[in-house]
Amino acid sequence: KDSELPAIKVSSKAWTEQLTLGSMTLQYLEAKGYEVEDRTGLGETPMLRPAIQSGEIDLYWEYTGTTLMVNMKSDVVTDSKECYEMVKKWDAETNNITWLDPANANNTYILMVREDFAKEKNLATVSELADYIKAGNEIRLGAGIEFVERPDGIKGLETLYDFKFDRDLLSSMAIGITYEALKNGQVDVAMGFGTDGRIISMNFNVLEDNLKFFPVYNPAPIVRSEILEQYPDLESDLNKLPALLTGEVLQELNRRVDVDGLEPEEAAEEFLRANGLID
Amino acid sequence: MIKIEGVSKYYKGMDRPAVSKLDLEIKEGEICVFVGPSGCGKTTTMKMINRIIEPTNGIISIDGKNILEFDADELRLGIGYVIQKVGLFPHYTVFENIAVVPKLKGWKEDKVMSRVRELLDVVDLDPDENMYKYPNQLSGGQKQRVGVARAMAANPSVMLMDEPFGAVDPITRNQLQNEFLALQKKVKMTICFVTHDIDEAIKMGDKIAIMNNGKLVQYDTPENILFSPINEFVEEFVGSDRALKVLNLLRVSSIMEAYMPTIRYGSDSSQINEFYNNSNFAIVLNDDNKLQGYIDINRIVEKKNVEKWCDYIRTYDICLGIDSTLKDAMVAMLENDMKTIPVLDDEKKYIGVVNFDMIKSHVGREYETTIE
Amino acid sequence: MSTLKYFIKNIDKITDLTMEHIELISLAMCFALIIWISIGILIRNHNKLANGLLGVASIIMSIPSISIYGILVTIPGFGLSRLSAVFALVLYAMLPIMRNVYLALNEVDESIIEAARGMGMKKNQILWKIQLPLAFPIIFAGVRVALVMMVGIATLAVYIGERNLGRLIQQGITRTHMDMVLTGGLLVAILAIVVDGVMALIQKKLISPGLHLDS
Amino acid sequence: MNEIINILLYDAPELVLQHLIIVTIALTSAIFLAVPLGVLLTREKLKPYSNKIIAILNTAQGVPSLAVIAIFLKFLGIGYFPSIVALCLYGLLPIAQNTIAGISNIDPDILESAKGIGLSKNKVLIDVELPLAFPVIIAGIQTSAVLIVGTAAIAQLIGAGGLGKLIFTGISQFRPELTIIGAILSALMAIVFDRGLGSINKRIEKKYK
Amino acid sequence: MIKIEGVSKYYKGMDRPAVSKLDLEIKEGEICVFVGPSGCGKTTTMKMINRIIEPTNGIISIDGKNILEFDADELRLGIGYVIQKVGLFPHYTVFENIAVVPKLKGWKEDKVMSRVRELLDVVDLDPDENMYKYPNQLSGGQKQRVGVARAMAANPSVMLMDEPFGAVDPITRNQLQNEFLALQKKVKMTICFVTHDIDEAIKMGDKIAIMNNGKLVQYDTPENILFSPINEFVEEFVGSDRALKVLNLLRVSSIMEAYMPTIRYGSDSSQINEFYNNSNFAIVLNDDNKLQGYIDINRIVEKKNVEKWCDYIRTYDICLGIDSTLKDAMVAMLENDMKTIPVLDDEKKYIGVVNFDMIKSHVGREYETTIE
C-alpha cells in the first residue's frame, strides 16, 4: 500500500503443503495490494528459523508442534490450544515474532501401512503394531531423516509404546519417497504427514496414535512483529486464511498437487478463487 | 627370395600413389637397400612386405609363395622388422623386448636366455650390464641396437630394416654398420634395408633400389649405380663426387699390378746393372717374398757403389692389405706423398703395387664401358 | 510425453529457474576465473607451494558438494545467502582451473621458452606472449570442466535456499513427481552441454590456429 | 564433544561400511563395464563411433547426480540397487574416456613394431596396449572413484544409507558437526581410494618411466 | 669479438663439470664451429654466451665488455639465437615468429614486413606462400629455415646457432649450408655454430673448436685440424679419410702450376720442332689465351706432318675453374681418366694445370710441415 515500505518476504519449507501455503499467502497478499517477495521453498525449519529471526524472511507457515519441540525443546504437548499459546508467548517474548491464528488441521507425523497389509495383519493402531513387532515379526520402516533423529520421532514413539523397530530394517530417505516406497512394497510401514493427499489416493491406512504420542502440528502464519507494525492491516487480512484451512481442506489441496499433478501455485490459486479471496 | 610384382599402393585421400607399379626381386641372402628422398615410398614398400600395409595392386611373394597365403601373424613372426623409429616396448626390459618373438615361438627359457645374450653380444652391448634396463635408460644408439637384436631374435630368414641406424651419431653408426655387415657374412639373411643416405646404401647394399615419387628409378649394384646412373635424378642423388665414392667399393686386389721389377735382398750386383737399363726403381724382397723396401737404382749407380747396394734400400712407411679399398690407397698416397704403394697379402707377402695412374685408368675405363 | 506437457505448462517458472541457474554459475565462474587463474600463475614456479595447494584442492574436490553447502550455511555471514552458493562453487572450481593453469604453464615446451629467452624477451613478455597463449588450450579445458561441474553442483544449492533448476529435482523427489525430476535433470544436462558447446566455440575463436592444427 | 565421539563410535562405522560397500560395488562394476567399452571403441571397426558414444556418455555426465538417482528411483525403486546402478553409470565416463585416451595415445611406432614382430591383435592388446595405457586408465578410475564416493552421499535420499545420512541429518537438523563429520569421512574415503589407486600406478610406472 | 676466459660450468648434481676451464676467442666476423661428441658441452657453452645459463667460473665478454655488465634481456636482443630444437612459437605464424625481435625493438610495421620478406627470401622460402602458415604446417627443414630467419631478424652482430641444420635431410642441408655461407660473406656476423658433424664443421668454420668431456681439445683452422690433429681423439674424430677431406678445403688456384709448355694456335711448325726436344705435350692457346686444346707432339713428328700440326689438336673434355677445389680436380681426373687438367680463370683464359702429383705433393708437404 505504501510504496515506501519494504516488500514482505514470504517463505516456506520445501514440500507440497508448505509450498502450497506459501504460494497461497503470496498470491493472496499480492491481490490485496501488498508488495511481496517470493522466498518460498527456502529450506527446513533449521534454516527458516534463523532466517526469520535475522530478518532475511518476514513470514512463513510454521507448525505449533515443530516450534515447541525443535526450538523450545519442550516436552510433548498434545492439546492444540495449550501448545499454541505456549509457542505464541515464547516467540513474542524471545524472538519478536507473532503467531497469527492457527488452522484447524493437524499435520502431525503418522505411521501408514498399505490397506491390504493392515487387513491381513489386523493392524489399526500403533499399539497393535508394537505388539506385532514384539511378537517377533519383521517390519520394514521407511522414514524421513529428521523423523529418525528428532525427539518427537522414532525414539520417543518407541519409548512410549515400549517396542523397537529393527534398525537394520529401517531406511531413511527423502520426505515423499516414503509414500512411493510403501506403495511399491519396499517398506511395510512408512512415516507420513497427517494432511498428505496421497494417503487416500494410494490406499494407505493410518495407524491410530492411540496413546497420543505425536504432538499437535497446527499450521499458522508466523510473522516478524516489526512487519505487522509497518502494515497495520496485515494481521487481519492474513487471519482469513487459517480460518478456512481445515484438515480436510489441506488434505485436498495436497492431493490436488501430489496426486492430480497440479502445481502448488495452481492449487493455491484454485483455493483462493473458490473462496472468493482473489478474482 | 622376395619378389615384388607390379605392386602399387594408393593411400586414401592421396591423389598420387605412394608406391607405383614396383617390380623387384631380392635374391636369397642379399641386402637390398632402398634409398631415395623423403616420402618416396621406401617405408611403404617395406611395410607391404610384412603386410603391415596391404598393397592396392600387385603380388608380393617370399620364396615363391604369395604372402597373402600366409597367416599375417605367422608371416610376421618369420620376418625380422626394425622400425624407422625403433619402437621398443617401454614397459619391457631389454631382455623382455628381445625375448618377445622367441617366447611366442615357444622356445624354452634357457634357450631364450642364451639367445638374448648372444644377440646382445652381436650388437656390442654388454648383456649383464644392459639386459634388465628399460628402454628409457638407454641412449638412442643403444636403443637402435636393441631394436636390431629384437628383430633378429628368432633367426628370421628375412629382415626388414627401416633406417635402423638413423638416430645415432656418425661414429657409432659406422661401427654398427660394420658389425652388421660382419654378422650378415655369417648368417646370410635376405634383407630389405631402407635409408636416405646414399653412402650408407653404397656401403651396405648388394643391390641398391633408388626410388623417387613412388617409382623405382634404378635397381642395380652399387658399382653400376655409381658408374652409370640411369638419369639425372640418380646422378644428382649419388652426388657429384661419385667418382670418389666408387673408390670405396673397389679393392686394390682388383687393380693391383705386379709390373714393378723386384730384386731379392742380398743378390749380387750384376742384377742391379741389369735393371739399370730398364728401370730406376726396384722392389726389394726377402727370400720368402716378404717386403724389404725399395731401391733407387740411379743413385747407386751414380755413387759407383753397386756392390753395397743393400745399404741403399729404403723402407716403405705404409703398405696396403689385399682387402684395402682404392680409397685407402688414395689416402695413403696423399698422406705420405707416395706415388706407388705396395700391396701385401694376408701373410704380409708382397703381391704388387698400386699407383694413381692405375686407379685413374681403372675408374675411367669403367666409366667408358658403362656410360652411354 | 507427460514430461513435455509439464515443461510446456510451467515454461515461465522453468525459464525463471534456468535464468537463476545461469546467473549463479556466471557469478561463481567470474570469481573462480579471477582467483584461480591468478593463483595458478603465481604458483607456477613454486612447486612445493603448488603441490600443497593442489592437495588442498583435491581434498575439497573429494568432499561431497552437499556437505560443503551444509557446512557453509551454518557459518555466520554466509547463511542462506547466495554468497554460500557462490563460495561453494568457487571452491569446486579450484582444482580444475588452478591445476590446469599450473600444469599448462609448466608444460610449455622448454625449448620454446628457451628460444624466447634467447631472443631477449622479458619474463613478463614470455608469460603473456608465449606461455599463456600456449597454455591456453589446457587452461580452457580446465575452465570447461569446472563450468560443466558447476552446472551440476549448483543444483544441490537448492538445499540452502537457492532457486534454480535443482529445485525441480528436489521438489520432484519430495513430491514424487517424476516429470519434474526429469525436466530438471534433463534441463541441467542440456544446460551443461550448451554451456560446454558455447565454450568450445569460444575456444576455437580464441586459440591460435597454429595450436589446433595438430589435433 | 561427547556427542561427536558417540557418533564416531556408534553410528559412523556402520555408515562408513555402507558407503564403502556402495562405492566398491559401483566402482568395480564401472571398471568392468567401462574398460571393455573403451577398448572396444578403440578397435578399428568401432573407432569411427567412439566420438559419438563418448558424446552420449558426456551428456549422461551432465545430468546432476541428484537427478540421476531420482530417475533411477522411478525404474528401480529405492535402496542399494538403484543407487549402485546410478553411481556405476556415473563413474563410467572417466574410465571409458581414459581407456580410449590411454590406448590411442600409445606411440604408433610401438604398435607397429608389435604388429611387425608378429604379435596377434589380442596379444598386442593384452601385452602392449593395456599395459601401456594402464597409467591413464588408473587415472580415470581415480577420478571415477572420487566422483562416486562424493556422489554416494546423495544416495541417502533414496534410502541407500551411507555417510549421506550424517550429512543430510546435519543439514536438516542444523547440526553442522554431523555434516562435517560426514564430509570428512567421505573425503577421507575418497582420498584413500585416490591414493591407493595412485600408488598402484606409481609402482608400475616407476619401473620404466 | 667474443672472448671466453677460464669459463667452467657445474650443473647441480653432476660430479664433473659440463664445461671446464674454457679459453677461446672468436674474431669479429668469423664463424667458430663447436664440434664434439654428444654431451661434450657444446650447447652449454653456447648458452653461457647469451646468459641462458650462468657460468660457474670465468668471464665471457663481447667486444671487450663483460656480458654481465649488460642487462640480460638487452644482451639477448642483440644476439641471434637458433636453438637446437628449433623452438618456433607454435601459436604464431611464420611472419609473427620472425617479427618478434624487430617488434620488441620497436621497428615500424612496414619495416618489419619488408625485413621478414627479405629474410624469407634469404632462407629460400617463398614469402607469399609461407608467411602466414603456422609452424605445424611446415616440414622440418622449413621450420629450421624459419628458425634461422628469426634469429637474424634484427641484424644481430652475433649469432649463436645450435645444430641449426640438424633435422634436415642431407641434400637440403647442403643447400642450406651454401646459402648461409653466401649470406655470411655479405653480412659478416660473428657466429658460434654447434654441430656434431665434422664435415659440416670443416665446411662452415673459419675456426673449429673440438670439445670432449667439457674440455677444449683443439681450436684451430679446419686445415690445421685436418693436417695436424693434436691427439688421437681429434684424429679419430676427424676420420681416417681426412686426407681426402682436406681436398675439399684446398683450391686449385693455390697449387696450380703453369709449367706445361704452351703453343699459340696457328704458329708455324718450327716451334713444334723446338718443343720436340723437351716435351711430348703442349697446350694450344688462342691469341687471347683462350684454351684450344692440347697436342701430342710425338704423334705429329712420327707422322712427318709437322706443317699441318693444327689438325692434330685434341680438345679437353673438362676444365676446372679457379675456384674449384682439389676434390673437384680429383673427380675430374678419375671420371675422365686424365692425368692433367687445365685450369681457366673467370674469363675462361688458360692459367695453368693440375695433376695428381701436384696434389699429392702439396698435401704430403702440408703433412710433413705440420705433423710432429
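Chains here go by letter, A, B, C, D and E, matching the order in which they are written, and residues are numbered from 1 within each.
Please note the rule applied: a contact is a pair of C-beta atoms (placed from the backbone, for glycine too) under 8 Å apart; a residue touches a chain by one contact, two chains touch by 3 or more.
No experiment lies behind these values; they were computed from the predicted model shown.
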{"item": "Chain C and chain B - chains in contact with each", "value": "D, E"}
{"item": "Chain at maximum distance from chain D, centres defined as averaged CA atoms", "value": "E"}
{"item": "Chain whose Cα centroid lies at the greatest distance from that of chain B", "value": "A"}
{"item": "Chain centre separation in whole Å, for chain E relative to chain A (CA means)", "value": "96"}
{"item": "Separation of chain D from chain E, taking each centre as the mean of its C-alpha atoms, in whole Å", "value": "63"}
{"item": "Euclidean distance of C-alpha centroids - chain A vs chain D, Å", "value": "39"}
{"item": "Centroid distance [mean C-alpha coordinates] between chain E and chain C, Å", "value": "58"}
{"item": "Per-residue multi-chain contacts in chain A, two or more chains", "value": "47, 50, 174, 177, 180"}
{"item": "Multi-chain contact sites of chain E, meaning residues that touch two or more partners", "value": "none"}
{"item": "Sequence positions of chain C contacting 2 or more other chains", "value": "73, 159, 170, 173"}
{"item": "Chain pairs in mutual contact under the definition given at the outset", "value": "A-C, A-D, B-D, B-E, C-D, C-E"}
{"item": "Complex contact set, residues of chain E against chain C", "value": "47, 50, 52, 73-79, 81, 83-93, 100-101, 104, 134-137, 147, 150-151, 160"}
{"item": "Touch list for chain E against partner chain B, complex", "value": "37-38, 169-171, 196-198, 236-237, 240-241, 243-244, 246-247, 327, 330-331, 333-339, 356-357, 359-361, 363-365, 367-368"}
{"item": "Of chain A, residues touching chain C in the complex", "value": "14-16, 19, 39, 41-43, 47, 50-51, 54, 56, 174-177, 179-180, 257-258, 261, 263, 265"}
{"item": "Chain D to chain A touching residues, read off their complex", "value": "73, 77-79, 156-159, 161, 165, 168-169, 171-175"}
{"item": "In the complex, chain D residues that touch chain C", "value": "58-68, 70-71, 73-74, 146, 149-154, 157, 163-164, 167-168, 170-171, 174, 176, 179-180, 182-184, 186-187, 190-191, 194"}
